[in-house]
């Protein structure tokens, strides 16, 4: 999930919502895995230089430090992620978000048969970046490929090149359904999200519909009653079953959220680099 | 779950069974909680002096060290437990089994409103034992009360006195449904299990019916084809859906398993200590 | 160590100082133990309600999350503690600071033969507080005794009663040298520190001498050049070997630091309760 | 450290020795770092298929599970390692020993400027192996290069090619003093150890001199009085200050220990592959 708007205590969205992401770590309904207990991460912008990242291998639902942080850190822009490991080890360096400079990156999904493609994809990473790859997940490789392909200049184009390269590499290895993804990426000033699958339906992705809807969601919460049209939430699973509050992001679509809550959609079309 | 019989690699029962306990940590069907990801423990008898205990706060399904141990330690008698924390912190000292001397103790269930009763129950612990209580769970208190009431001499009687004391203390505090439990306890020579609830149905508890059934469960497993009538399994949830393999232990019942697989049932009747 | 003054990024004092507390976790010079690698904790006042606490069982020098927090959280008042376990388990609930309501408490030292005195001291804790004792350290018991004896009303008096009770209990058990301590305690508005030992010299404790000294300590640090006379540091070990920067707090002495940097000393005289 | 001889409880060598490896984790005297608190690992041969590996990010001196294992697992051949991280994250996948099939590998030392050489060295790993590299240490890369260069057929030759490749790669990047190492490697039937540095003195390495010496070391230990000439210990630091018990392995030397305690030395001479 991602929040971009006025500064809020992180717990407002992580813990004080109906079916929020921490609850989803224990009981997801729309993800491929009902339990996402293999670590989590939280990245936020606030005091200090660049984004902060808190990552833990404990399940999000039981991590005392996460509750502390969420209850005592305010941020206008943060990403949270809960993980269900698919083969790779449960370790902090495999937890999202990944960071470089001002950038944060999260990924809900997987690369098919990553084990087979890993070497080739890592070779395509800018050698200057290679030495800083610390974990063993597909997502860290995706992020470093996106950095290689110009994330700084044009994030969505860089992600289209990244996915294009992965799909081409997968084809050469006879791997079908290469990419299953919702991506979230931000540089602290703009937030991008992508919903995409090489084959079949992509993982779910939703944006908060409008501020009135959010106020409606938390009538008892004075903080949310103060919400302004500048505030936006992007989530893998809606926080609540209330109809009308969420707009589903279509398949193969990228959204751009700028400060002020403005949300823009466009098609996401992978292309082969070079 | 508990195994008592010929020495087996622990993984045979922890990982190589259909719906074994590690699988239950992620997808329990009969427990109160579908996910038991707040740590686990394994206690076994083998080399060295007294029982060994391996406890971890990681979910059992993702703990690399548990897989290693289970694959490389053989034991004729071991207990495994997966935990769903109810309020108390996720820390090794709150993971079962608890140990003292040759004794191991596990508990599937809870004491109602333990927070209210904790001080009074801890005061009833033998002062010699008090200093060694290291965690904050109800189960460690139950174990120390049982030690106080003569576990060494007559384990089932000691547990009846323990439950009696808890129920009496609960009554004085107007706490209903004081004890919900299946207990497992062993001194390395005999294994006892208790199914009991103060009110309503107790947590499920099953014993392996007979050796033929277990052979039937794993026709492909040469190790299990070598099973003898001496082997016994006690579990909270059956490993498999095959009918006929498991016998349910009745409510308010204690079973005693001696070396040789002999299983004896008798009523479990709490009584207030003198 | 404790900071009370203008809001600073926590890393300024935890990581960017010469021989700061994180460095002390690996190479302490004045403590009883050269290595303090059995967990650490950080408590701070800032956004949200009451103090936040981050505690970890990892050594402070290697904890990635501590670096993140320290680099991205600003606070006008925080306590940090590194732990060398003496017998009790390495677990978050044994890490300082301990918290209740607005209060934070840290302790550098130990109670002699705590194992022998534990039960009696725990019985002296207000029964209303007993249920919330989660760990197994002497410090958590000291803190709860202080709460029992009126920490809210008169913190130094409450600590004098607490130490008096411990010393009297120790005497009855023929335990010598009952208390070895520097305590730090705060309610978010005032900071108290105590240096005391029942016998022999107490653990070292220092206060920053004056703002000029701190500016001198970090001539290259523009933040510290902005220091005002309102800022105060209390530490177990001076951050630097520069003479003149620190004033040692005398034995059996309590200091009170109020907002504005005002530091007041008075004798610390344990007395037996009731 | 490595043990190869009659089966012993692992604790005899890990915990019950004077200045054993766990004590070294807190107070090393001969290593580059006095504290080795960034995780540890234990690999052993015994029950089950192939070697077992237990790795933890906790400091060895405080890990309750390590004490349990060491006290309850017997093995004729095991390796133990304590880690002082130099830049790479503290995570299980960075802890030694590394394993593949029947092989275990430990390394005390470092590759100079590994960050610069990492990509090129990883490209030299057999693509079949690349996908299984899970951590980010130099040692895991060294191990996979050795596997690539024929560890299965001729371990010392494979290590000479590995070191030759690393030194050549370092030269091209103007990196001096490429390799600082004592290596330990075993397939469960034979144990090899190497002491080598590209420049200057290599990390210390010692072999137990003879069985009489070990008996002398533990006069009070009946187990050691039963030691046979078949037993051998290889350590980075001698367990004791007694003169005459240990023979230092010379610089640029490889030793081969076969079942039966036979120890053979030969020069270790890196050579460039192909």
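First chain written, first letter: the chains are A, B, C and D, and each begins at residue 1.
One rule holds for everything that comes next: contacts are C-beta pairs under 8 Å (C-beta built on N, C-alpha and C of every residue); 3 or more make two chains touch, one makes a residue touch a chain.
On a predicted model such as this, the values are computed, not experimentally measured, just so you know.
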Exercise for the section: Could you tell me which chains make contact with chain C and chain D both? Expected result: A, B
Handout entry: Copies chain A and chain B touch via same or different residues, half shared test
Key = same
Practice task
Report, in degrees rounded to the nearest 5, the angle of the rotation taking chain B onto chain D when the C-alpha atoms are fitted.
Solution key: 180
Handout entry: Distance between chain centroids, defined by C-alpha means - chain A, chain D (Å)
Key = 40
Exercise for the section: Mark out which residues of chain B touch at least two other chains, giving numbers and ranges. Expected result: 64, 89, 92
Handout entry: Complex interface listing, chain A residues touching chain D
Key = 88-89, 91-93, 115-116, 118-119, 122-123, 127, 130-136
Practice task
Write out the stretch or stretches of chain B touching chain A in their complex.
Solution key: 26, 35, 37-38, 57-59, 61-62, 64, 85, 89-90
Handout entry: Parts of chain A lying in touch with chain C, wherever the complex brings them together
Key = 9, 11, 44, 46-49, 51-56, 64-65, 68-69, 71-74, 92
